[in-house]
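Worksheet: the structure to be examined is printed underneath.
Residue numbering begins at 1 within each chain, and the chains themselves are lettered A, B, C, D, E and F in the order written.
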């Protein structure tokens, strides 16, 4: 039950790198509006933006032992994703573990629990998306697992999946679809640029997307004033 | 049931402009401690402060179609207020819609749901007060209504009411009382300035508001030390 | 039931001052992982860090009368801690009360309710940790108590206990243990500095804390790949 | 601000009585899926089902004074609806007030706060829908209002509106639409009976509602097995 | 830090027994509206009602080891009160532990965490008030403490305090005040009986408590109809 | 993206039937304390207990179209499991759909959203575990998927997995491990029976599990009275 998987397959480096250019909202749209973690996962400081390969941890409430175990299995660029066997907000990660993670080349942390030393983490430039900020420390008593499939904040993460995180939250891209989703993200981004110019000029989405007929078909009615409704 | 009201009455421009000088706390006190939205409505970036006339939207969960509809009915200075028919946190609004809103002169957005592209929105200087930040995108399948009375985050909003929003949250001023509440806000602000000097000098509210007698009448007792309580 | 205690014992000034050097996480570890308030207690602006002696208030929902009463009993450096008789998020404290508190030398506020005027409070440099930000004002109708033992956000606070607060939250140190906990915090801080160098060099916690054997004893198993699990 | 309205218009007795035959789900569908209170409003004991005219109360947190005021304005069959000026869960209503309400002929209570003495209330057969059950008592210090329009658990209630409540929750029918909604509820109920027989026979909604074509048009694809997806 | 206190002082048996006649709401009023636990503490089955002396446990999230330790220190009639060092909803207690508790004469359990086997517990007639129902099991890895003062669901509990629990929730009576509070509860109960008759006859609280003048003094205004407000 | 899988592999009937004898807590322990859904999943009426093969649905908020689609793919004994693409509490399922499900032989429903007509569902004897009870109806506008792997209330469910649900909540047993987990559940149940007798006799878990030494090793200290702690 408590198992560590030493070797995982990662998405090809090119695909992972490509995600560095796209936001979480774009990527999740590009893969059919899937893979977004629950919105309670928030960055501990604003402006961070990362994309990388997931090293996963399944930990127990109030126990951060596995965070030491995952370190030696990370490669530069990896993002550590911590799921919990049941909900807890204790501060399982702080500046010492961040120092260790940065030394291994880890880009950042996504954790469905609490973190602490957040002022230090911001100074160090180590980005974290978490469920909570909490000074409450944890123990090292029960082994969990490393690099097994997990459910983190409502999203399935298989080791080696691509994680993209920014101020909007966190999205997971399955490893096997990374190249395809990266390409679709590129297309979407390009298309958005031209739409943005269109809107900037004052023209309306009603016309761009030819919505007027569809809205009427769906039953939308226009009246001149509120009095027409109540009369 | 799905209806768009083209024309609404707005508060007179002078009253609306006057609210630009007062904070949300002041305005809600000036109208008898009413009209504040639930405190879960938070600004997506700090420091924004707006006052304007409400254009309202009633949308369904996971559906942002009506946000395109409201755009052509907005006038410069309006604030879009989005209520939901049942709770949802999906990201119904992002940078494309913000571009469109800014092109129509919309000042900002108050939405009882999620928004996304928050880093871009901050760069663009478009202020939003929302229930959540979420990358999760939405569909355009079911018409809602525009410019009808709504309940947003616990507060009633009639189209044309004045919305004031700052770092403390959001307050709604009924259109018909805008002039009166603006005047009372002015008076309150003036009175607060002198109180502030009083407190700055180290004098106490106990004396300024002559509370000592009232507290004694209400049964408040002073003792010298905790030991007196337990003895 | 409604009682004000005039005189309280405070921790010796030296111990209190010492806590200014340590973070909340360090202090709570130094006293055996106890005393941390619930993680919903968040600073209203980032970067503040205070340590001081607690003046306590027990208030009723929607009633901030006692905040005026506590002011004249505070000494420079004190921190006001407000507990509620039942949960409420209304804005019980704003810039006027902050002006009064600063004039008495109060360092900051910890309140299990809402605050308002948060933009002003940040300008004034008055730090607050609260359950909520809310413009909703309160009344002055029912006396509570001042300088009695309270439960604030899940933590017991006796008047004169030491409060330490930073971006990680709030911790309470019993007055009678202040000197001992300050000393243990100093030791912990020193020990962390050397560990930090160790991790920075790329070495692992697995080795520093000699965890490999303990993990094996606890049943942790290593496999080469996910296929080994499913085979 | 604190005002009691003595006389209100009620829906005609026939319409109100008609609602006694329909469930909350049926009624809210009959009026276009509107008027349902938030799902946190739960009955304190199962099986109760009431329909009646709303007498409204706007109360402040921790203060149940207005519940005494509303009593003498109730007529037999009325339902008391209590909204709060800001959220609170204290027990504002118990068996003494229930005794008083029953003596006035009040049918039941809908309250966006807490109640207590719930075992007694069940023995007495007095039904309540509330946000919480809490023994925490309240004070009588600040007047609120009676028989003014309120927002209760997210729904607008005007005095004299029809309230229908059962194990599914609470719905509000505007007084002016009571007759029309009662008639539509009757039709809906009749139509459901025949559908129920249809389903009981093992036939499918896919066919009854002719959904197969619409689903295909909307992009739904059938495959034989999961392997077809991953291949 | 992990300590078990073998001997505690209990309230005299007569006082404890007296509480068997009074509800939680009555008792908390009798001691000045204090001591009620948060309303999320709910009975796992309806109708249970207990009063007894508290044996306390301080446990860590996901760890129920101390529940075995407390058993041999309980005396017949005791109620076990379990506080957690940080929030968790796992099922720390089930039918095996209930069998053990009943064999020691324990009356019931109050736990700020989850329980399981709730159908069995109801069959056995063992009453529990808990934060959650959860099948999720826990470990036995970290010692907590037994019979030390704790904060449980927001209320302070010292070993030997009297716990009263019913369908309204849980209240704590300090051991040293048990006799006094029991007597006040008796008086209150007697006074309520006569009030109940008064209300049953159709007379009003407005008159019984002579509220009309006080309400007018506090600013309450009566109008004849809603039109008078808006006119 | 919107796909229906016609054929799924189910666990062998014998294993599924075996689970009918064991509670959720037993089963989740038997598979290493995994697979329990979040504790917010509660039965809508007490006493139901089911075990069967999962037919899965992935639906969008406010849209119950797929519940009609899944019906014709269910076999007698199946349990429908509904996951949502983002959180929502609307009532997606009521007595008409229950009639249809029962006609297909479906045993029950597990849904990470709301249900309605709960009084009827109880009369019909159709068991449901849900996140909420809500009368709020939904639309049929956007296709989701049927019989694909989903995450429901935090637990992964693959079509054909075994679902066991009772008053303690819901647990998922992977199809490929059903026989093994059923056997381990049987062993566990047997072992619990003898432990139960042991506890009934008044003997302690401390002795049965030989915990005294382990507790001492882990640092647990016994003292005679609270005074020994504070001395």
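Convention: contacts are C-beta pairs under 8 Å (C-beta built on N, C-alpha and C of every residue); 3 or more make two chains touch, one makes a residue touch a chain.
Everything numeric in this text was worked out from a predicted model, so none of it was measured.
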item	value
Neighbouring chains common to chain B and chain F, by label	A, D
Euclidean distance of C-alpha centroids - chain D vs chain F, Å	30
Where chain C and chain D are represented by their mean Cα positions, the distance between them in whole Å	42
Residue list for chain D, restricted to those that touch at least two other chains	1, 33, 36, 85-87, 89, 134, 136, 141-142, 149
Chains touching one another, given as label pairs in label order	A-B, A-C, A-E, A-F, B-C, B-D, B-F, C-D, C-E, D-E, D-F, E-F
Sites on chain F touched by chain B in the complex	60-63, 85-90, 134, 136, 139, 141-142
Residue ranges of chain A in contact with chain F within the complex	1, 32-34, 36, 38, 85-87, 149, 151, 154-156
List of chain B residues in touch with chain A within their complex	1-8, 65, 68-69, 71-72, 89, 91, 94-97, 99-100, 103-104, 114, 116-120, 132-137, 140-143, 147-149, 159
Chain A partner contacts - residues on chain C that touch it in the complex	23-25, 28-29, 33, 36, 39, 42, 46-47, 49, 166-169, 171, 192, 195-196, 199-202, 204-206, 209, 211, 215, 218-226, 228-229
